[in-house]
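Everything below concerns the one structure shown next.
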Amino acid sequence: MAAVGLTFVWRLLRSGPRPGLCGAGGREPGAAPRRAIGHGRVAVELDSSAGVAVMKMENLPVNSLSLDFLTEFLISLEKLENDRGCRGVILTSGAPKIFSAGLDIMEMYGKSAEHYAEFWKAVQEMWLRLYQSNMVTIAAINGSSPAGGCLMAMSCDYRIMAENPKYSIGLNETQLGIVAPFWFKDTLVNTIGNRATERSLELGLLYSPPEAHKIGLVDQLVPEEKIQTTAAAVMSQWLAIPDHARQITKSMMRKPTVDRLLAHRESDIQNFVSFITKDSIQKSLQMYMEMLKQRRG
Amino acid sequence: MAAVGLTFVWRLLRSGPRPGLCGAGGREPGAAPRRAIGHGRVAVELDSSAGVAVMKMENLPVNSLSLDFLTEFLISLEKLENDRGCRGVILTSGAPKIFSAGLDIMEMYGKSAEHYAEFWKAVQEMWLRLYQSNMVTIAAINGSSPAGGCLMAMSCDYRIMAENPKYSIGLNETQLGIVAPFWFKDTLVNTIGNRATERSLELGLLYSPPEAHKIGLVDQLVPEEKIQTTAAAVMSQWLAIPDHARQITKSMMRKPTVDRLLAHRESDIQNFVSFITKDSIQKSLQMYMEMLKQRRG
Amino acid sequence: MAAVGLTFVWRLLRSGPRPGLCGAGGREPGAAPRRAIGHGRVAVELDSSAGVAVMKMENLPVNSLSLDFLTEFLISLEKLENDRGCRGVILTSGAPKIFSAGLDIMEMYGKSAEHYAEFWKAVQEMWLRLYQSNMVTIAAINGSSPAGGCLMAMSCDYRIMAENPKYSIGLNETQLGIVAPFWFKDTLVNTIGNRATERSLELGLLYSPPEAHKIGLVDQLVPEEKIQTTAAAVMSQWLAIPDHARQITKSMMRKPTVDRLLAHRESDIQNFVSFITKDSIQKSLQMYMEMLKQRRG
């Protein structure tokens, strides 16, 4: 459940300099400045007339799911959930070339057991809230989306991905020697079925956009420049359905999967803590981080 | 779980005059008269040499699933089930352009709680009998098949649909602000898988024949004039399998789904009754019916 | 669950003389002799540098799953499982034109109830061990693979089939008037999904290689002469994943299915024994065997 974020970053960095990945300066030239509501890592824009919010993840460079980011994400989501003027959310990335790199390795190295438990609880909470949101949730996947990033996308109601051949998506945990927890697995089974999940998880596969579309991991591919307009158009189709009927139906589909985590939430946290505090795991995380520093330095 | 029948009718009527929809006179010109065994709403023809019966729904104009119709349907099905000379049933429609429009709104408006309970029990019974019939059941879907009509088709062993672009099939309940009950959902999941069901139910999608075929909601498309001969040919393939082995296998596949309804049958009835007796629902049903009368008048 | 082996053989034989099917002389002319480790029915070659073993079934003519063969298979598999130098197994056939014909009819005719119970326990054990092997298991399906042969292939992690149009694969039990047990069914559902399983099992379908590939029963088709090199290449991809993470993931995917059999193992044995000891079943097995003798004689 772990070192995915930074590992992935490291791979990106290793493949050559990409200015867009290095900080807040990564915006496309000529892009209009965007007013970021929230604490700065999640920019929320609510179009009240449409009842649709865009949540843009801006935890640069790669939208790692740190505890701070997850906390801010949860607060933003909760606010929208309680806002009767907001019926739908488009989840997308303000970071160039990446949707989210997944869990932040920094939260998993050299901390206390209490910290790990708190972090993992936040990861669980992110999934619980997103997966059973009463709002229509559409992922506009405008970059790579490994591990925890893929989980976020899968937790939405609909996935649109930019058909950029450099992007990939998948639960690649085993490639890093770690194991996706059972509720990551359940979410993948619900999305692409049992056999595709088996192969996907055991090999830690990252799929290109056409491959992801073929197996049903994403619902639709569009040219990168059309992803936001397409997301808005799809959203209006979903909002044509009366909320109440859609919400009950969504709950009927997803509640059994959610209930499985709720029934085992504490043991899932304990599993994570005892895994991440192992010497061997801490050592390998340390190695990753040193490699990363050298690359960045 | 409700107003599907008439709503659909209303939409059909609104789209222009279709003589075939207006009553018993809707038969194609030149069609040979057909001897209707039964009480007139379900015409059963048993070919004893083949051991195959054709059950033709003739509850014109749109084969709404009224209490009377369901009762007659169940009696006819039960007779065939107990007839050792009958090993297979082809379920099809005698109404032009429609297989079945689903539940009859007239059964859900202005009646007593007892009536609603009796009606819903009949709907459950239809599914229970059809879904686990010992006979080979093939749906020859020669018209549109929304909501309860789609459920009937899905409850058969095999679905052949006429490739007429005007026809559609699906569980469109949410489009009407209502919710398909869990066993409709279970049946759809068993047919097209979890993810396709999620999207299909939340959006209340009605699929064209090619779309329905692509996602596996129907097994085969044929030109409309070939649907009955194709159904007969497919039936003979299924009847080549020894009944006993096929029946045990079918039960092994479907019993867990059936058992879920049996375990919650009473609460499912109570859910329906408390939903349908709501003032808001009764009012919206009344509106539908008035619109319908105006169109018909 | 029974007469599959010989029945299939009989069909093969009926379709004309095929020298390769008649005994140990069935090797392709010019093929190099191969050193068979083990007791002669399962030739195991371990490439220690790669950590990969090839298990070649050589229970000629058709790799029927007899009690002796299953016992030897289990011993060989267990040895490899306990050999830390072996991380992956390629399961393939040394019999021409057939991977495995499934359960051996000879074990199911004219024996004692104790024998039937022992035989069925071995069939269960084969599946339990193979389906949850800690090693990477790849089926190189170089011939037809009905019934129990299909189960063996499905129990591996990955299936590569020779694209020879004469070969077929599937759980064809109902065609023979028998029923695949629930754990055969569960394994098929896990591989191709619920609806495809329903149709496949009720009709006892045997699929051509392209059909099997299309529904996901096999993962990859290759020209027959490339099947072993392809299996080795695929194996190296799977072995690139750290064993520990892959094994935990595999267990997470497959354990619930395994647990179902473990919970009902004794009743499953009793079911088999009471089925196979029926007079009607014994008579029909006798008929098959006499037909077979005549063909062979």
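Labels for the chains are A, B and C, by order of writing; each one numbers its residues from 1.
Throughout what follows, a contact is a pair of C-beta atoms (placed from the backbone, for glycine too) under 8 Å apart; a residue touches a chain by one contact, two chains touch by 3 or more.
Just so it is clear, the model here is predicted, and its values are computed rather than measured.
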Seminar exercise, completed: Cα rotation angle, subunit B onto subunit C, in degrees to the nearest 5, is 120
Exercise. Residue numbers at the subunit A-subunit C interface: does the shared fraction exceed half, giving same, or fall under half, giving different?
Worked result: different
Exercise. Per the centroid of Cα atoms for each chain, what is the distance between subunit A and subunit C, given in Å?
Worked result: 41
Exercise. So which bits of subunit B are touching at least two other chains?
Worked result: 193
For this session: Mind listing the subunit B positions that touch subunit A in their complex?
Result: 173-180, 182, 185, 193-195, 197-199, 201-204
Exercise. Okay, in this complex, where on subunit B does subunit C touch?
Worked result: 157-158, 189-193, 216, 219, 237-238, 241-242, 244-246, 248-250, 252-254
